[in-house]
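When the chains are written out, they are named A, B, C, D, E and F in that same order, and each has its own residue count from 1.
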Amino acid sequence: MFSVTVRDHFMIAHSFTGEVFGPARRLHGATYVVDLEVRRPALDADGVVVDIGRASVVLHEVLAALNFQNLDAVPEFAGKNTTTEFLAKAIFDRVAARIASGDLGDAARGLTAMKVTLAESHIAWAAFEGTVPGA
Amino acid sequence: MFSVTVRDHFMIAHSFTGEVFGPARRLHGATYVVDLEVRRPALDADGVVVDIGRASVVLHEVLAALNFQNLDAVPEFAGKNTTTEFLAKAIFDRVAARIASGDLGDAARGLTAMKVTLAESHIAWAAFEGTVPGA
Amino acid sequence: MFSVTVRDHFMIAHSFTGEVFGPARRLHGATYVVDLEVRRPALDADGVVVDIGRASVVLHEVLAALNFQNLDAVPEFAGKNTTTEFLAKAIFDRVAARIASGDLGDAARGLTAMKVTLAESHIAWAAFEGTVPGA
Amino acid sequence: MFSVTVRDHFMIAHSFTGEVFGPARRLHGATYVVDLEVRRPALDADGVVVDIGRASVVLHEVLAALNFQNLDAVPEFAGKNTTTEFLAKAIFDRVAARIASGDLGDAARGLTAMKVTLAESHIAWAAFEGTVPGA
Amino acid sequence: MFSVTVRDHFMIAHSFTGEVFGPARRLHGATYVVDLEVRRPALDADGVVVDIGRASVVLHEVLAALNFQNLDAVPEFAGKNTTTEFLAKAIFDRVAARIASGDLGDAARGLTAMKVTLAESHIAWAAFEGTVPGA
Amino acid sequence: MFSVTVRDHFMIAHSFTGEVFGPARRLHGATYVVDLEVRRPALDADGVVVDIGRASVVLHEVLAALNFQNLDAVPEFAGKNTTTEFLAKAIFDRVAARIASGDLGDAARGLTAMKVTLAESHIAWAAFEGTVPGA
């Protein structure tokens, strides 16, 4: 299995609901360093997993829609705790939708799986991985 | 599959038995930077894989029992080479026991797999991963 | 010159005022990974720059007072842009006050300079360094 | 499952063919930081996955054959784009051949899988993983 | 003293002349991860060392002029060994020229010193630091 | 001012004397990741600060003399606490002696300052810097 990973980041404010979160129930924020890993069993005719330039652009665009936002005010996330693991899945879904719409180009048709990792600090990170829908 | 990882470290002395170890047969030591990754297929009602605060505390307590020890003098490890990969498994087992005893809380009941990685330097690390016993 | 550095982190929400900040004028947040470096020309009788355990505790306490806060609502920062470089100085001053009050112990009396670095992402960080007041 | 990983690097020049590569079609180069991960379900009698010293030497020798080369002039790679993912597979195959020839020693007979990761920068890396041939 | 640092990278081919370089006399290449640190004794009215967005853009543009090049064919570098330390100075000079021409904006007028660091691998890097010309 | 830095590591056992050290008074150990930075105001005729290959070899040899040792049994360190900061100075002195004896070659004659940094974990490190004796 081949994989390619690109890294970017975004910065947001949010707060959590639930006793388990302790002081994180207050409005605070985070920098998330995001790793998008895409996988496929064989390389395409150019010898790549995906056009890494396009993958970087798509990741950047997906993160730009979240960057410098207060996630408590984003309608899509209403009633949800925007935990690191929840956001990993949200970004996974958004990148998957971009692949489905052809934004990663023809090479991306061979992608079978993805993993999105969000580091919230030097000592904690979370991830969601799964098959690419339609793969 | 979702995952959450927390990082901590511990520092020990030990020596190895067996020709393969060369100069590492002498009493020496290591700092191990430890990553504990826990996995589950779905988030709990709070939107988390595990209470990350509790996970950090449990990892710290498990490592504290080893920290600043001469592993050659730890009865549990008698007759064993406390290699990086061996210690990854030993820490995996101790964390698993803590999960089984409920120390990671209700959220931890949904955990299905774990991975423990020990970095012994900037150029070498080892890991043990497996299913959570009883999951 | 000797130095010792310890690392910790905190997570906050804030917003900026001024055209230069563009989208960062919106309420957002950041994880700051903080490096506290303390310096002195000679080691103390124990062979240390400072009690590294105490230094870690003092840094953690200084950061805990900021952690999980909305800095826009902190009276001390009213009318200020809590930029990464501004916060580096604010933390420098708070650690310096703790040294002056003896919280780092006797060994800390020999400290002559400090540097506080805040990384806001994997591609940007800021720092403030200066002499220890009274040194 | 146990794993051990060792890190090394090599530096090469090359160019790519195909519109997808844009400016990377010009002769340029890269430093690749390489992580070789080897896996096996149980430790050997010495308590190791592999003789880590031998694994480091074999990785270093495999990379030395590529280090300081213009890959456009390497006959084995003629007509191929030596992308990061392609090189991950090429190095995987070369290490696998060394294992098959016994260069990693008896302990390596128990290896079942490998992963080779090449980081081309702080924001992009690629990998190939698979079963060890003959395992 | 305050400082702000931004990180970017570029990838080049080159070769060296001189016995000291051994195998690096062959055409090879490197990825350089570049840290641009700018310093000033006091923050500007906005509370910043420099407009970090502009600093990132200027660094990216300076590196783009070198990215995906064969440095052996760059007229400006004819007769020179484009070592890591030499390139650190070359990039320092180009950024300094951009500051002098006003491309970093008014805030950059207060900059007094800069440091440019180029990491060529995970185990080697070089830097050039000095005062900002005209500061 | 130009600088070049090379990284290596060593692993030792030791114990400390003095109440300030708490549990670190027990025999334990550490991995130290070592950065050797050498500085000079101008490059030599080859365009380098120092022969980086020789610098790496000298650092490796200096660390090899300490690697896999119990520092409590090293006569040179008798009666001393081999703290991270103390070891930074000890390694500084040993490298300086190697420079003085010509082991870094002619280029090293221009070196004016050095810094040795020892990271004992991902959250703590210490350093000693000073002028090169005789420079």
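Assume a contact is a pair of C-beta atoms (placed from the backbone, for glycine too) under 8 Å apart; a residue touches a chain by one contact, two chains touch by 3 or more.
All values derive from a computational prediction rather than experimental measurement.
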| item | value |
| --- | --- |
| Graph separation of chain A and chain D (steps between touching chains) | 1 |
| Angle (degrees, nearest 5) of the CA superposition of chain C onto chain F | 120 |
| Chain A-chain C separation of Cα centroids, rounded to whole Å | 30 |
| Computed distance of Cα centres, chain D from chain C, in Å | 41 |
| Chain F: positions in contact with at least two other chains | 7, 122-123 |
| Chain E partner contacts - residues on chain D that touch it in the complex | 7, 9, 11-14, 23-24, 26-33, 67-70, 120-123 |
| Sites on chain B touched by chain A in the complex | 1-8, 43, 46-49, 51-53, 56, 105, 107 |
| Chain E contact footprint on chain C (complex, rising order) | 18, 20-22, 80-86, 88-89, 122-130 |
